[in-house]
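Per-chain residue numbering starts at 1, and chain names A, B, C and D are given in the order in which the chains are listed.
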Amino acid sequence: MGLSASDLWNIVVMQGFAGLSLFSVLLLMGLGLAIIFGQMGVINMAHGEFMTVGAYTIFMLSSLTETYAPSLMPYYFLVAIAVAFVLAFAAGWLAEWALIRHLYRRPLDTLLATWGLSLGMQQIFRSTFGAKEVSPTLPEWLLGSWSPTEGLDIPINGMFVMGLTLLVTGGVFLMLYRSRWGLRVRATVSNRGMANAIGINTRNTDRMTFAIGCGIAGVAGAAFTTIGSTGPTSGSLYIVDAFLVVTFGGAASLLGTVASAFGIAQTQSITEFFLTGSMAKVLTLLAIITILMIRPQGLFALKMRR
Amino acid sequence: MSNSDYVLAIEDLTVSFDGFKAIDTLNLYVDKGELRVIIGPNGAGKTTLLDLICGKTRASAGSIKFKNAEMTKLAEHEIVRSGIGRKFQTPSIYENLTVFKNLEVSFPRGRGVFGALKFRCTDDVKERIAEVAGEIGLEEQLSMEAGLLSHGQKQWLEIGMLLMQDPELLMLDEPIAGMSVRERELTAELLDRICRNRSMIVIEHDMDFVKKIAHKVTVMHQGKILAEGPMERVQSDPKVIDVYLGH
Amino acid sequence: MSSQDDRDDLQSTSRRNFSKGLATLPLIGMPGLSLAAKYPTAKVNTTKLAVTDTEVTVGQLHSATGTMAISETGSIQAERLAIEQINAAGGVLGRQIKIIQEDGASDWPTFAEKSKKLLVNDRVAAVFGCWTSASRKAVLPIFEKENGMLYYPTFYEGLEQSKNVIYTGQEATQQILWGLDWVMKEKGAKSFFLIGSDYIWPRTSNKIARKHIENFRHLKVVGEEYYPLGHTNFNSLINKIKIVKPDCIYAIVVGGSNVAFYKQMKAAGVTSKKQLLLTISVTEDELLGIGGENCDGFYACMKYFQSLDNSNNHKFVEAFKAKYGPKAVIGDVTQAAYLGPWLWKFAVEKAGSFDIDKIAKASPGIEFKGAPEGYVKIHPNHHLWSKARIGEIQSDGQFKVVAESPELIEPNPFPKGYQ
Amino acid sequence: MDKFRRWIASSDMASIVVLAIVVFAVLPATTDIFRLNLIGKYLTYAFVAVGLVMLWGYGGILSLGQGVFFGLGGYCMAMFLKLEASDPVSTKIQSTPGIPDFMDWNQLTALPFWWEPFRHLPVALIGMLVVPMVLAAVIGFAMFKRRVGGVYFAIITQAVAMIITVLIIGQQGYTGGVNGITDLKTMLGWDIRTDSAKYILYFANAILLFVAIFACRAVQRTKLGTLLLAMRDKEDRVRFSGYDVANFKVFVFCLAATLCGVGGAMFTLQVGFMSPSFVGIVPSIEMVIFAAVGGRMSLVGAVYGTLLVNFGKTYFSESFPEMWLFLMAALFIGVVMAFPNGLAGLWESYVKPWLLRERQAVPVPAPEKTPAVAEDPSEAEAASTRPVARSPEHAPASKNRSDGVDPAVA
């Protein structure tokens, strides 16, 4: 095939990066869910739609910037990500208040209710932005690739997503394990009654937690506009993968989510390289199921004395 | 030495959770017809020991022999079928079934899928249920939903469910928790009666109650056996006093 | 899309513009009533269709919701525009067209259910609808059994021909062969990498492409890959492409995957500067989602592009934008959907009847000189004669037409040697 | 009259009889064949919903992959019908006549060996029962023996649904791919597309559905039914009463899967095709919603729930094409929030007390007791952590009450 050693090396590097980039995508979409599903036990089937909220935020702000302040185009994206967080956070807050808080004791019912919610949200997107996909104009610096040597192309958007994932993951870790809120969340998760008794406002904590999870989903959705589509049903492309990542990792463990995102991403990107895409998908899913069979509580289940 | 005289022979039993040894090379022997009470401070590993015997937790090392058969490799239901019954700390009954149904479900027939499909509540089953209900003092409540029973009655019902299976070894985890004085007395009598043709292991904190029922007492501490013997001797053991009074 | 408001001024502009283009047609301007009187309902409707003295009811069956709504919305809009224009020009046999719209909801069984409802309950005279092959396959037996007439707008894999369907899009060979020849001849492509979403249209199309490349042109296919619908990560695939270095990528990726594919290609440095790519699954509609800047310089082979320079098309684009806003775009399928109502109207008028059998018989040979794509004619196999064109993607989301087949290409849904 | 009213209110047999009247008399009498065929299609989903009552309501196991089994049953039937439709005469334009058209398009030149048995109707009929059952048994043993449960099981079933979908779509030469197996015409020479055939199939389907309901009801009344409820609430207690819990879960999973298979096969017969769009995650979740709307503890409720949601879907999408998704969303959310026990719960807590309203005036020895369970807060809490509320308005609870009384007390 006429491949030189350096070509081969480049492919290895790029393939390695592909795995890492898929890892960060999976992790970013899993993080919000790890908080909502892992910490609160709410099966949020509308997670993908909260991601779409973030994606449409980017679209709106890119259109606004393009129309009113074209000179700011290089910078709007960073602001837009923050706005995406805020909007998805607000939507999550609202959803928690209207819906989720009535269902904490019925986890499987949250699944059905949020399924309804996701249908409704999709229709809202469709009515507001039209049924067709949209494409936000991204700043120039996010496009294309970085080529340190000839034949080696590292996607800039991939690096951006990776950086953002690192940032968000770090943030979540800090918040969950170093902040008052994190303490309250963890206390509420492990014993709601006791948390209440020692003066934690569990109702506020729940709402905050749910909203933060949704906000992170919004950030993920915003970031994915650089690598994927933005349309009313875009969120549904991610939802099953997101659940698999969180479940596979062991629902309550943030570290597990990280590890499982890494494992799934590597399996998938390597099998994809050697097999056809469809077979790769099947194999990856089978591997996940098998491992879940061996470790029913996920990779990083808490070993507890019963 | 042969262990065949013992109903239950536990040797070098060890289990660790992430390096923490909840049970540490423990040896314990229970005689036929014996009522053994295990006491010890919180976290001594009492409940874990019962979990190990009935298969809820898997041992890291050591053996548990019941009537000379190794139990550590068996599945939970196989352990139960070989004759070990276990009552949980909080009453574990089917709250939205009637007392009658609770007992009926515990009858040791039709335990397979198709057996359960074919199972009929024949006269011998009814007879047995009536008998056990009499034993635990719930004849009047047979048609009541179990969730409506008082806490003490729930404890009795669970014991009754175990009696339905007529186990040779019965393990009770804090059977009188939450009971009134009167109920405690009745329970003591109940245990005394049902102990006649089987061995029992009881975990209990209430020393008066222990005194009343125990044939022999084992004191556990930090996953090990601290002392063993008749109540009076154990009570006066300085090690035991040490542990209970604490430092 | 029933939300479209009847803005009289816009409608009248479109009517005015359009009537000029249709001056050749004999019926324009004739008062409807007298025409209806000339064709009494009892005579033109012998099979109890929903035809009255003043009205004829047709069905519209597309996905307004679900994942396919992204693609099918354009078709819904175009068909409505065509029907509106036909009504403004006096209707069909003096009867105004009334539309019953049903939502297939991107779900094939729902398509089957709704098509049955339209044919059995509503007795519609024709149905304009479907987009995916799967939805067409689901409704086809129903149209054949209940004897309905379906105008199907999408380019598709071929291997089908029915009395009850008029295919206004291209069958596979019309779209594939000429385009491949063009990249071979004009761009010197000798090796091809075939990529598709994993379902019947891309697979069949790639099969035809492979046969053409290997058996008829004696060139090389160096790779063929399929990814599940909705797949969003293509980095591994892109690396595989980089290893085999094909002269030309032949891409038939659809839906949400499409956007991910091109964005990730761009990010991996696979741009038109270094790589030749020909696709048959990207139209102006898809470019809305992908963003022209992510794939500019790549080529698509279609029969229609919005930027096509002819007077029919100028009027069509103007009318479409007047109705659906200045930002609306028109893709190949949207244009093909627009042909449906017109071709039906001509067939009814030629047959002098709404009866399905008569329309089916009258259809072959029907010409539409006012077609935005220039000129089309119905073949006896119920597909259209049409041209193929190559468009180069521009960063503004439009195509620059760079080549056009000299002649109309004959539709050949069962191509010999390609099966 | 009073007696009749009380019978309606207190016997679960009565509700089945009422459903039978609706399905066998009212619906056929009031709807034309097109709508009736639609209802027939909905009733095939009811098999899945009935299965979910057993699996989810009784067994406490939520599967989000029931569509897989529905699809498998449907495919078994579709394979047989397709082979019958693909005789050499009607497929003579193909390059290989006598094989299904989609195989020909995918360059297959001979029928794959595993299609061969499906030339025979008995094989197809057995297949529609056995194939889903076997897959369920494999998944069930793998998961339940390893004690995978709850949400984990639900998500694994989703992954299974995804795998099967990708496989079916990817292997289109053998399965028909995303288009599915279409254009089915006759069964043993009998044209299934005619109106008379549709009538016959509707009633055949309805009869099978009632067979399924009675079979499930019979299972509920055995010790196995009691054990399912017991397991759902106190799995450990059942295990430590000497039962191999996993086996019971596998059984009920297989039962539900088999019902799905029957539903799928009837779907194929009535609608005339089968496609992978049933196998995926979305339809599987929708089917769970049917059961939830009907009331997840009530077999009869599941049928009503299926009918209601599908009527809603059809009616809303015909009448409010812009709004219908909002209305469906509202329906799902509303049911979950306001009526967690679905239609059956509404019946039990509103209609039934109303029917029984004179009980105090005319005391009759009804077999029922009315314990005020739900008032006990600690229990309400314990119960509500379970997917099923166990308040007194529950049909099976009341059944158990009346059942449990007879032998010992009387």
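Going forward, a residue touches a chain if its C-beta (ideal position, glycine included) is under 8 Å from a C-beta of that chain, and two chains touch if they have at least 3 such contacts.
Worth saying up front: this structure is predicted, and the values here are computed from it rather than measured.
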Centre-most chain [mean C-alpha coordinates]: D
Compare the CA centroid of chain A with every other chain's and tell me the farthest one. B
At what distance in angstrom does the C-alpha mean of chain D lie from that of chain B? 42
Chain A and chain D have mean C-alpha positions lying a whole-number Å distance apart equal to 33
Using the average of all C-alpha atoms in each chain as its centre, how far is it in Å between chain A and chain C? 36
Would you give the residues of chain A that are in contact with at least 2 other chains, written as numbers and ranges? 122-123, 276, 278, 281
Find every residue in chain C that makes contact with two or more other chains and list them. 64-65, 198, 226, 228
Sites on chain B at which at least two other chains make contact: 56
Residues on chain B engaged by chain D in the complex (per definition of touch): 54, 56, 75-77, 80-81, 85-86, 88, 92-101, 104-106, 108, 110-113, 116-119, 121, 126, 129-130, 133, 142-145, 147-148, 158, 161, 165
Would you tell me which residues of chain C are touching chain D in their complex? 2-3, 64-65, 101-103, 105, 107-109, 112-113, 116-117, 120-121, 132-134, 137-138, 140-142, 145, 157, 159, 198-200, 203-204, 207, 226, 228-229, 414, 419
Chain A partner contacts - residues on chain C that touch it in the complex: 64-67, 69-70, 72-74, 198, 225-228, 230-233, 235-240, 242-245, 256, 258-260, 263-264, 266-271, 285-291, 293-294, 397
Taking the touch rule as given, give the residues of chain D at its contact with chain B in the complex, in rising order. 219, 222-224, 226-227, 229-230, 233-234, 236-245, 247-248, 250-251, 369, 371, 373, 376, 379, 382-383, 390, 394, 397, 400-401, 403-405, 407-409
Any idea which chain D residues touch chain A in the complex? 62, 142-143, 146-149, 151-152, 154-156, 158-160, 162-163, 166-167, 169-170, 281, 285, 288-289, 292, 322, 325-326, 328-333, 335-337, 340, 381, 384-385, 387
